[in-house]
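Across the two complexes that follow, subunit A remains constant while its partner is subunit B and subsequently subunit C.
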Partner chain A sequence: MNGIEVKGVSKNFGTLAALKEVNVLFEENRIYGLLGRNGAGKSTLLNVITGRIFAEQGTVTIDGEVSAENDRALKNIYMMSEKNYFPEGMKVRDAFKWTKEFYPAFDRAYADSLSAKFELNTNKKIKSLSTGYASIFKLITALATNAKYILLDEPILGLDANHRDLFYRTLIEKYSENPCTIVISTHLIEEAAGVLDHVVILKNGEVIRNESKDDLLAGSYMVSGVAAAVDAYYAGRNVLGSDSLGGLKTAYVEGEPDAAGMPDGLVASRMDLQKLFIQLTNA
Partner chain B sequence: MNLKSVYKYQLDNFSKSILIYYLVIACVFGLIFFGIATSFVTIKMDFAESTNSGLNISGFEFASVVFLFVGGLNMFRETFRLSMQNGVSRKSIWSGTALSFLTVGGGMALIDTVTRLVGVNFASRYNVEFQGLYDLLCADRSAKNSMIQNAFEGFLLNFCFYMAALAIGYFITVGYYRMNKIAKIIVSIGVPGFYIFVLPFADVLLFKGALTNAIVKAILFAFGGTNGDNPYFAMGSGLLVSAIFLGLAYLMVRRAPIKD
Partner chain C sequence: MKIEFEDERPIFVQIAEQIEDGILSGAFPEESQIPSTTEISVNYRINPATALKGINLLVDSGSVYKKRGVGMFVSEGAVEVIREKRKEEFFDRYILRLAEEARKLSLTKKDVEDMIERGFSK
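Up next, the complex of A and B:
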């Protein structure tokens, strides 16, 4: 089967179960959002997929080949981490040179053009880059590898609004010209939502949602109105959570709004991804 | 492909320090030979001592052994992280590193063999004795053998010692990488403490010096000292040490996780 298939993966750090029998398939040519609160297991899952750490149980296959300690499988995947794993004293241009050595499909011209776009000085040493530019360097490297599967762990860490906007546009451009699977792990859900077409949500080391963004958002809504009316409305329904402000209340409900319409005084509206994420992961 | 990339990276990583090292060696020998040739300088250094016939310069390859040991200590962490970033398996990291050791060890053994030949040839004109590691370990054999045989055996001996120095350095650095903080403290204090305090006291109080004698005998045996000038004993010991420490390093590398 093509794609990255994670089967029954568990990983513990001491007594902490970071991943609990995780099963997930990252299919070809899709942009995934890997979402979860701090400590949910996002980075751990990405590190297990790329073989940087070992799972206690379970397997990861890339296009049907077990990825652990398999150079052939691993060359199809590139992960941009929150941490920098290039030598600190290495210059950006040398990092590009060495990445090309490991990933022959690395497009140096594209990396240089992106560096110019993001105003990244390739003569600088990696250790001298600011947090934002260190992220830009890692992003450019990841996108230029032309790997079949690109995993981005906190790709926009430290980027200003302009650079974040440029990144999303660059990502879409890259994806439309040269489709690949991109997995974005981020906390800036509202911003990233525009580029995602599939969402995997982790909570306490378990996958609680794994579906297309549209299906996920279509499966819930919010109802606002006077508290008593909202309480009466959601009795017997599957409520994800609620917020109260003064005498007003908003309830987040799973399912579809009643076709017959809402009771008087209540307004139903679609949830955005961030709101839904908060409700799903709050408890 | 990945093995080749790791190999190239390790060699690239090592090349600058090797160049600087040989520049220093060239400067030191240049100064010594200039002093000898012009009779301008009377040299008295750790490795050059006065003899009846003039000067004796010996065992300069020990500097290479120390250099390569330190080099081995620096060959893991950075390469491991870079390789993990670039989708390389641990097996390829280890294999690429081991291959780079063969190249670096072989290359430096060759350079040092040539240096010895040049040194012996030059020094003999000025009544100076120039000895390599091989001449020190196999003095009688070296005096009897042809120049080519000495060069060949000297090269092999250097190579085996250099491989051992690299392997021990690599093993130590991989070991430290795999240890947690407490284990690092225990090993850092415990190992030197054992050799400096426990071993001598135990030897004097419990074994009446037998332990030291046994260690000296073992070292002599390993270096061929008890087998009449046979350099192949020392070569074998060097290769065995290399194989053991590289093997142990592999066992630790193959399950090494990336650490932040």
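Up next, the complex of A and C:
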């Protein structure tokens, strides 16, 4: 099967179960959001996929080939992570050169043009880059590899609003011209929501949601109105949580709102991805 | 009952409406090319599949058509098609909501008529 298939993967750190029998398929040519709170297991999952750490249980296959210690399979994946794996004294342009050694499809001209767009000085040493520019350097490297699967762990860490905007534009342009699978792990959900096809949500090492963004958002709504009326409405429904403001209440409900059953005075409205995420992952 | 999803219509519906607005205003004249899926998705920072879904709505309603290998073009007569469609939606989107809000505020039909009169004379 094509894509990255994670089957029954568990990973423990000491007594902490970081991943618990995780099953997920990252299909070809889609943009995924891998979402979860700090410590939910996002980076652990990405590290298992790329063979940087090993799972106690389960397998990861890339286009049908088991990925663990399999260079041929892993060549199809590039992962950008918080850690910098280049020697710190190396200059940006040398890092580009070296990346091409490992990823022959690396497009140097594209990397240079992106560097100009983001105003990244390629003569600088990696260690001298600010947090934002370190992210930009890693992003440009990732996008220029032309890998079939690009995993971005916190890609916009430290980027200012203009650079984040430029990043989304660049990502969409790249994806439109040269489709590939992109997995974005981020805490800036509201911003990233627009570009995602599919959403995978991790909570305490488990996958709690794995579906298309549209289906996910269509499957929940919020109801607001006088507290007593809201309480009466949601009895017997699957309520994720609620907020109160004096005598007013908003309940976050799973399912489809039924227009006929909605009492007078109550208003149903859609939740956006970030609101839904917060309700699903609150302790 | 109230379902106020109108203002939060899916992004692809909003994309289709913005292009329709462009056609109505003459920004995209009949038989001219509209922006590509890539241009739309980059411009709005949305997934290309979402942009495509929006354009497909316009293809289904007959206001744009595909020229193979070139792109999407505004159909002849699209302005009329869109105007008719919008007229049909006008009652549900504006009049029904107007009546509902008026009732909530205990405004009479006459009060509302006077306001409409005032609105038109502005």
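Quick notes on this structure:
Here is the rule we go by: the second predicted complex is superposed on the first by the 281 of 283 C-alpha atoms of A that agree within 3 Å, B and C clash if a C-alpha of one lies under 4 Å from a C-alpha of the other, contacts with A are read in each partner's own complex, and residues count from 1 in each chain.
Here is the rule we use: contacts are C-beta pairs under 8 Å (C-beta built on N, C-alpha and C of every residue); 3 or more make two chains touch, one makes a residue touch a chain.
Since the model is a prediction, treat every value here as computed from it, not as a measurement.
In the superposition on chain A, A:I189 makes contact with neither subunit B nor subunit C. In the superposition on chain A, contact is made by A:N47 with subunit B only, not with subunit C.
In the overlay built on the shared chain, the residue A:Y168 is in contact with subunit C alone; subunit B does not reach it. Once the two complexes are laid over each other on the shared chain, residue contacts for A:V267 go to subunit C alone; subunit B is not touched.
In the superposition on chain A, contact is made by A:K83 with subunit B only, not with subunit C. Of the two partner chains, subunit B is the only one touched by A:N70; subunit C is not. Contacts of A:A134 after superposition on the shared chain: neither subunit B nor subunit C is touched. Touching of subunit A by both subunit B and subunit C, each in its own complex, is seen for no residue at all.
Across the interface of their complex, subunit C is touched by residues 31, 165, 168-169, 172-173, 175-177, 194-197, 214, 257, 259-264, 266-270 of subunit A.
Partner subunit B is touched in their complex by these residues of subunit A: 47, 50-54, 69-71, 74-75, 77-79, 81, 83, 85-87, 98-99, 101-104. Residues 1-5, 8, 10-11, 37-38, 41-42, 44-50 of subunit C touch subunit A in their complex.
Across the complex, subunit B meets subunit A through its residues 1-3, 5, 8-9, 78, 81-92, 254-255, 257-258, 260.
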